[in-house]
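The same chain A turns up in both complexes below, where it pairs with chain B and then with chain C.
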Partner chain A sequence: MVESAGRCALNLLSLSYLLFIPLVWVLTRLVNSVTARPMKARQLLWLAASYLFYATWSLKFLCVLVVSSLVNYALGIYLKRKPTAGRLWVGIGFNLLMLAVFKYLPVWSSHLGQGHHSWLLENVILPVGVSFWTFEALSYLFDIYREEDLDPSLTEFCLYMAFWPTVLSGPVCRMPELLPQFRNPQPTGDDIADGVRRIVLGLFMKTVLSQILGSGLRPGEGVDFGFNQMARGWTGLDVWILAIGFAFQMYFDFAGYSNIVIGTARVFGITLRENFRDPFLSTSPAEFWTRWHMSLSSWIRDYVFMPLATWRPQVWWRHASLVIAMMLFGFWHGADWTYIVWGALQGLLLVSHRQFQQFERRSNLQLPPIVSSLGGWAITFCAMLLSWVVFRANDLHQARLMFHALVHFSSYRHFVLPRNFVLMTVVIAVSYFVIAGLRRLAENMKQSPVVLRIGWALSPVMYSVAVLAIVIMSIHKAVFVYLQF
Partner chain B sequence: MTEAINTDSINVDAAKNEAIRQMTDYILKEIVRRPGVEVTPDTPLVSSGLIDSFALVEIFVKLEKLTNRRIPAAKIQPKDMDTISSMFATAERLGKPRQ
Partner chain C sequence: MTEVKTSTPGAGAAASARRMTALRRGYVVAMSLLLTVLAGNWLATVAGQNIYEKDEARTDRQFVAPAPGLSPADLAEGQAVLTPGEAPSTRAQLFYLGDSQVFSRPDAPPGALNSAQWLQILLARQDDRAVRVRIGASPGMDISEMLLKALSAAEQNPRQDDVIVTDLALAEMRELGVRAEITSLAAQPTVNSDLKSLISSNPDLRDADKTLEALLTPQQESGNPAADKSLAEKIEDTLQRKADSWSFFAQRENLVGLGLLRYAQWEHRLLHITADKRIPTHAEPYRTNVQLLELLMRYAQARDMHLVLFFGPVRSIEPNPDDPDDLERMHRDVLRLCERYSATATCLDYSHLIPEGMWAEYSSNQRGAFALMAGQHDFYHYTEAAHQALAEKIVSDAGSKILQWSNQPAGAH
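Moving on, here comes the complex of A and B:
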């Protein structure tokens, strides 16, 4: 079997992790006040903490990470001396090889079955977070090629690759943003308060909302049951409900996780890039991709789409580049046709949206803003839901069966899913839109003393309820969906 | 001699200003197309969310045409294309005149 995590693996949802944060924080304060060279000592302390954190998953994982860090650091020096495309390709080749061997080979070999491939299955490891930190290494090489003024020491580079809040599942960071902060982090009281707030919010989203949607309130309910064990097939209503349930499960899972990561880093005075910004309020597919998994979508935009699309001036090539870039986005999630088809669908959605914009332009069509916003939102939301069906389906055959149910209108007369799950999904989805809408309203009125007073009065109640819910739900074993990528 | 150089530099500046004006016009009329939105050479376009990545490629192609330079896209960072001023500075820094 592919090497899996050790039993004492520190993950961001464990109690031991909640003890790990204050321990490293106190040691950081100590190092800052006691040592003569606090910057170097602090970086070494954080690197040691990061390696310890990662080693709890597996020592073999740590070995791969260290080797990748050392080779990429050397490649950076090599590229900096002469930033040519040839040298950049050496770096790209190395990192793609890393991904091929440690991310895709174990999956491919398991598809090929046993026999003479069994050696691979027994010996190849799948280091957790390899896609995230390999993309960080690649962005560093691209930035060096673009002659960005970067001069990390070996310690700083290793810390950039292994920084414990981000090493497992991002956000995908960039060296120009992190390097100055590694050199001079200045956590203020506000940073710490905001960091703790984000951690609590993230835990609530991850361990309560995502967990409820994924596993349901009782066995035999939830998104996982709906996708994996629906022996009698699905009706059109079932597919829509499952699509909504899975979309929100993914959102609360990954956005919640990102909140924990960003909050942890903020406590130490490090500001990471945001990963989610109310994606389900988007009024176009293009806007959706500036709000969902933002660190990876901006990576694909900057390092794949832009160089590819500007390679040829023709419009058709720009469209093809968009589809290719989104297919790569899908492939990044894993070597499975469902991900690649999902990526292609996203690319086609973006191209269709572009075509509609062109049509608007040519025909001088001016829709009233309310129609344009509401229509855009409804179409985007529904299209995203349908694409998530392909993403989550166990294989393309299952996706085809589910789409088949969608287009047979006679199947809309009833649903097979448990009533509790349907109700819960609808309540969570509606609550999300109400809360997101109210938050936007409050942001617009944040100068108002009444809104501020209401906010202050409600905060302790909301956080107490959130903490209580987290404790109750922690009894169930929380699983992070995005960790598999 | 000095006078000739001055005249040349004035012509270059005038051509550049005209190109910037055309680009501003293009972005306002063809890309943004929203009433009430103002675009100046220093308006952040990408970081403010005013334009998306696809539009950025269209602007990049337009920039190559207006400056008559081939710009290596792989060398460009998002911040290089964030404002009209920075785009033209980037074209001058990285672009190679077309034959």
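Moving on, here comes the complex of A and C:
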């Protein structure tokens, strides 16, 4: 049986998780003050908490994680003794095999259909987060190959792989950033305050905003319904609304998840990589990928694109490397043509942007900054929206149908989607840009004591509104979209 | 000495800054908690009042009030429709389907009768041991939901349904989408297997099959879900129960309902939504619903059940949400199906049965979303008198056949 996720797990949106954080925090304080070797004891406590957390998803998942950790640790020692390309390839091969068996085989076997299943295929599990922690293991091996000064103990390495805030869906961490923090975390009052703020913000983004966009306010509304209803078809306007809705649903879902995870780690004095930074304000595709799923895009840049691009000096190869790297990025999400085509589209967008930059330089074209920024933003935003249609479509046939509606101007006369969903999507998208603008304005006025005092005085109102909304909307059993990757 | 002199004021300032930061944080935490508790309790009170009203309304509908012309036996028959669990298996089972039109009486006082109860009373007056009417109608029901309810009812009862009586309205053919509470019926093993065999034996009705395939869920392997729960699940359940002791937490579902109602109020104002606004009938869901209706007819035929379909009453004033062309197309398509399955299906046309004076108007006294359209014409619901008229017409047109079928029961379990 293909087991894709724990049916009864300790997830980030449960009350158990909200109890789990202070419990581990108190135990950490206790261990720090009572034991003679607090560092070791603290690491062991966190490792035990991480394994307990992951085991609630499935004991089988935990077994795979432990085996992967042990083998990768051994591979690290083997590579450190003599960092050769051959030894690195052994490590890469092992991790790719892990991904092939545990991430892609269950999907491929389900595509084979009845009658083609062997006992082995039917019993392969799909451990949640496998693509995230396998990429962490790979980055560790790459860093050792580059002769970075890394000397994690077995406990530290296992903790790096299983650290409970990140084990389900990242952010994809790097050993050089985490190791010093595992050894000497120093949570301050600021860390705890900021951590709690981010957890509340993340819960609000996921439980309220992403939920409203994904499932709608009423049955028969929402992005999921809009994409899954094939019977009525779509008009051009519907496709744009669905693209906007899905882009923001994904953003609130995954950025919300990232906020909860980063906030949790922050409470324990661990600063994780940021994963999102206002991606929809990007003025070019290249900038977008420094603001969206940053931990994975930088991983792809450092460990796939750079080695590929430096392989041959020709310009065409650099462009090809971009497309290949982005196709791999797409394939990382799953063995589906929609993801691969989405990756190829992203690669082509990046190449087009580079070509335009070269054209600008060669022709000495100088657009007024406002035109350049606004035009760049509009083109990037629209291009990203359209690429999300391919990403979310159930198959390429559906994507083709939706694009067909987009290019037929006669299909722009009315909406098939419920008006309420259209209204809600527009309101949420416009609010995002208004709030982003206000936040930038507030950042510019940060030094003003009046602004600081107003922000401080009003923050309890914002917190309580957010908490009340989270509690009310927690009636819906929500699942993070990125858990499936 | 100099060092000490310079560092002391700095340390004092740092300590004072730390105290200020701690105070500020304390204010944010304390005020946030206070506001959350106060606002939460207030919201819980508002929601509590709302649920009290809902319970009251439910109680109103759970009894039959004595009225002139109703004998004690009539009252007992009308009451029995509300308590289907007590239906004796010796009687023929009549399953009454449709949308809210067949049971909602916006003008009626508590305990008033709907068309299903009138049908029961009128049939019982002719033969008090022949038929038991059970209501399967739900507000806003579409044909896929109808089919699923018919399948589930046929499997659940001590005696298989002998007759299905259902109204057909354009509104039922416009939408596609089975609500969660009706989808859950498909998880019952017998309904699930019935659905599977229905899909596999009717490959020509592809759109209908696709809609039903989406309802098929993997069967639960264990009959005791509570025993299957992991420790993590049990802990979460306990925490949820504990959290329910805060009234605000316990009222979440009600608060969502209230929020939606308030939202609908604004939506109606903003988008100028009125009851008479024309509603388009899109080709694809309509075609799928017609196929689902055909599937229901085939199912009834295969199970030796009789099907009485009637075109529900239409309010014939303009402007009107129903497009006359759409109505005509529906009549044409359904009549064609009735001809094809005439051995078990009977079609009746009650489009013009209810005169204008018997239709309801939305009023501010109504609950929920209906109150939002106060002062407008109600195009779907009619008065209590119209319910009686509808039941009388069904009995006059098909009553003798129903009583005759009740003596030749369909395949008993």
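One rule holds for everything that comes next: the second predicted complex is superposed on the first by the 474 of 485 C-alpha atoms of A that agree within 3 Å, B and C clash if a C-alpha of one lies under 4 Å from a C-alpha of the other, contacts with A are read in each partner's own complex, and residues count from 1 in each chain.
Everything that follows uses one rule, which is that contacts are C-beta pairs under 8 Å (C-beta built on N, C-alpha and C of every residue); 3 or more make two chains touch, one makes a residue touch a chain.
Quick caveat: nothing in here was measured; it's all calculated off a predicted structure.
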Which of chain B and chain C A:E177 touches, first, second, both or neither: neither
Partner chain in contact with A:A193 - chain B first, chain C second, else both or neither: second
Touch count on chain A, higher of chain B and chain C: C
Shared contact residues on chain A - chain B and chain C: none
Complex contact set, residues of chain A against chain C: 8-10, 14-16, 19, 56, 189, 193, 217-220, 225, 229, 231-233, 416, 419-420, 423, 456, 459-461, 463-464, 467-468, 471-475
Chain A contact footprint on chain B (complex, rising order): 30, 33, 49, 52-54, 56-58, 60-61, 64, 71, 73-78
Touching residues on chain A, where the partner in the complex is chain B: 85, 88, 142-143, 145-148, 286-287, 290, 298, 301-302, 305-307, 309-311, 313, 318, 321-322, 350, 354, 360-361
Chain A-facing residues of chain C, complex: 21-22, 24-25, 27-28, 31-36, 39-40, 43, 175-177, 179-180, 207, 211, 229-233, 235-236, 239-240, 243, 248-249, 252-253, 255-256, 259-260, 263, 267, 270-271, 282, 284-285, 288
